[in-house]
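What follows is chain A paired twice: with chain B in the first complex and chain C in the second.
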Partner chain A sequence: MEKLLRKSDIVLILSILALAVGMLIAFTHASREIRTPRLQIIVNNELMGTYSLEEDQTIRVGESNICEIKGGQAWMSQADCPDQICVRSRPIGAGGGSIVCLPNRIVMKIVEAGETAGESTDITELFEGEVLDSIAG
Partner chain B sequence: MKRLISALYATLFLCLSGTSVCFAKAETVSGTGFYFDTVITIKLTAENADELLQGCMDLCQHLEDTFSAQKEGAELYQLNHRQSEKVEVSDELASCIDRALEFSQMSGGAFDLTILPLRQIWDFEGKQGLTALEYYGEEAKEKSLVPTESEIQDALSRVDYSRVHLDGNTVSFDRKDTMIDLGGIAKGWISSALKEYLKEEGCESACINLGGNVTTVGLKENGKNWTIGIQTPFSLRGEILTAVKAEPDHCIISSGTYERYFEEDGVLYHHILDPRSGYPAEVGLSQVSMVGMDDAACDALATIGLVLGREDFEKMMEENGREEEVLFTDEDLAFSWFNDGGEHERQ
Partner chain C sequence: MRDLGAERKRQGKSPGRSVAVLGVMATLAILFGYVEVLIPFNFGIPGIKLGLSNLVVLYALYRLSYREALAISLVRVVLIGFLFGNMFSLAYAATGAILSLSVMAGLKKTGVFGILGISSAGGTAHNIGQILVAYLVTPSLPLLWYLPILMIAGLITGLIIGGLTAVLLGRTEAVFRKLG
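Up next is the complex of A and B:
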């Protein structure tokens, strides 16, 4: 009787199996990788830089605005715009969110908030206990 | 035994293909940009999320260069500064002018795409938060931020949508001094275009906010409806009046007197101009919000609601068989729904 399962077959099967299991572990791990929330500053639709929230610092954005990072929170401390909406905006931190200065076309934005991609922590506001995805007005 | 081996190979194949599915996992990304003199935020879920987000931003840039009446190189700017009475325009501009004409006619001129001369003399963009002295400088002296009666009459004589004609991609004008402004409809047209683009590219979940005009694609990534808050007029901190659970592909678009205005001698002059009188519309409303699937229509209708006032607007909606839901917010912030089939709780 012909031998159905040769030694080489077993080796092949086992190695493919090992590869599959290895890849599975690697991908599971990758998707669970803890990401560090960081601050991005975008000026005039272009990325100016990405900053760690763990390092207290003062960032000058052009001539017009100054942004502050302290104790894991970031906010706009100064702006020469007439409305001062950005300066009055609540500080943002690891939980996500953004601060916008429309007159000077600046966005401060938390990226990679939360533990995995796809899990949104971009909470804008709550209304009667409901998380709002966006605000019309 | 042979069957066992086949089964093993099949299992292995499944394991591997299962792993490769991980590669193609849908990702959620969000981006912010400045276009159309406002902030836009787009959040979407797709396998090629970054690519689609960039595609949306590129489309915004292209459409800003098409619909701007202020930007010198823009197609609409060139149309307004034309040399001949007939001009061939792009498909996008023709389509948006077509919709603008539709709502100018439907509203009998309460919405008028030729309002530009009137907008220019009021200049709410430039006057926001300023006094006459700050706006005009030292020469101001006795000058008011409010245009004079003769300036308004002069501008009004140039406003008349019936002087614009569209035939295919050809726009023709009866008079040389007629100028088009798509400010009251372009953002709605653009959010529709973004929505269509994303759907064509296979994206099943997105939420787009163009300076307060919100539109959605499908449901949230977790399969629930997008929940959209509607801002309380004149609230500095962006307080929320009420919230709407958006049906798939629906938009929520508001027009409000609080968006742009200036104050003089205790009077508030807001940017919702009545193209028939030449002055800000006074109908006792501070906001009209529309919920529907046709973004361009909702954008134009919200403005029409603020110009016509509740009664005439409801009549116009009924006569034209419009099915959009309407939320009226009074000046004292009391609000009520129309056309919603009693779905929303009434105040």
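Up next is the complex of A and C:
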């Protein structure tokens, strides 16, 4: 009877194994990238930009507001509105959440990259039109 | 099948005997698929099974020929599909079976690989085929997660089946020679 396990068999088996493990690693990496939460800033129902929470930065939102990202947390550091609700809101981070500045129609929210700009504006749709105007007064 | 019969006849083997052997083997393959349910072999991942019936197909590939192994495999898949499955399960099984057997026959033909390597590559190819069909039916990316997992599972089950077939081939050598 021929030899059960030749050297070529070992090579074949190991290369299949390597391919599978390589795919697992690649997928894990890719999905981590996708699942990393990011900060979205939406102004007037339009997406202004998506920002990584990893790097600290200060973002000017229009003339009126300044948003700050530091240590994986994001908050509104300055706003010209009278109520200052957004400035007093708790910082938001990887756990999710949103900060809304109604007078200036700004929404900061945490999204996972899987969600795209299109579907992520649904929160602002709640405040759309009359509702927003009446609240903002 | 008539072709096959003629081929066997040229080799000095009666077509009737050939049909009988193929019939017995196809039956065995179907029964193995049934018996397999009784053997606990579970990684906690759905869709992973030992693939005992592949033992018969691999055996046929070594003892008989590629075409006869293909015949056994297809008869098994179609019968099981009609009896217990639906069109989808038939498509899954057929793709897996054909892909697996093609890979095994191709690797065997090179003459470089032994039965363990061939069998584990066949098991892997079988599972790749299934994921392929599943992806065509419902394209979703998370499905691809299954691909490497099922590849490794196919590798392991292929190794087991290959080892079993090697033992079986050795033990039945004398019997088969006597049958001629």
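Here is the rule we go by: the second predicted complex is superposed on the first by the 78 of 137 C-alpha atoms of A that agree within 3 Å, B and C clash if a C-alpha of one lies under 4 Å from a C-alpha of the other, contacts with A are read in each partner's own complex, and residues count from 1 in each chain.
FYI, a contact is a pair of C-beta atoms (placed from the backbone, for glycine too) under 8 Å apart; a residue touches a chain by one contact, two chains touch by 3 or more.
Because the structure is predicted, anything quoted here is derived from the model rather than measured.
Participant: Classify the contacts of A:L24 with the two partner chains as first (chain B alone), second (chain C alone), both, or neither.
Facilitator: Both chain B and chain C are touched by A:L24.
Participant: Touching A:R105 in the superposition: chain B (first), chain C (second), both, neither?
Facilitator: Only chain B is touched by A:R105; chain C is not.
Participant: Output check: A:L4 vs chain B and chain C. Expected answer is one of first, second, both, neither. What do you get?
Facilitator: both
Participant: So in the superposed three-chain picture, is A:I13 touching just chain B, just chain C, both, or none of them (first/second/both/neither)?
Facilitator: So A:I13 meets both chain B and chain C here.
Participant: Under the stated touch criterion, which partner chain does A:D83 make contact with: chain B (first), chain C (second), both, or neither?
Facilitator: first
Participant: Counting residues of chain A in contact, which comes out ahead: chain B or chain C?
Facilitator: Partner touching more chain A residues in the overlay: B.
Participant: In the superposed arrangement, what residues of chain A touch both chain B and chain C?
Facilitator: On chain A, the overlap between the chain B and chain C contacts is residues 4-5, 9, 13, 16-17, 19-21, 23-24, 27.
Participant: Across the complex, what residues on chain A touch chain C?
Facilitator: 1-6, 8-10, 12-13, 16-17, 19-21, 23-24, 27
Participant: Within the complex, which stretch of chain A touches chain B?
Facilitator: Per the stated touch rule, the residues are 4-5, 9, 13, 16-17, 19-21, 23-24, 27, 31, 42, 44-45, 82-83, 88, 98, 100, 102, 105, 107, 109, 117-118, 120, 122, 124-125, 127-128, 130-137.
Participant: Can you list the residues on chain C that touch chain A in the complex?
Facilitator: 107, 112-118, 120-121, 124, 144-145, 147-149, 151-152, 155, 159, 163, 166, 169-170
Participant: In their complex, what parts of chain B are in touch with chain A?
Facilitator: 1-2, 5, 8-9, 12, 15-16, 18-19, 22, 25-28, 30, 32-34, 38-39, 41, 43, 45, 57, 129-130, 207, 209, 212-214, 220-221, 226-231, 233, 236-238, 240, 242-243, 252-254, 256, 287, 289
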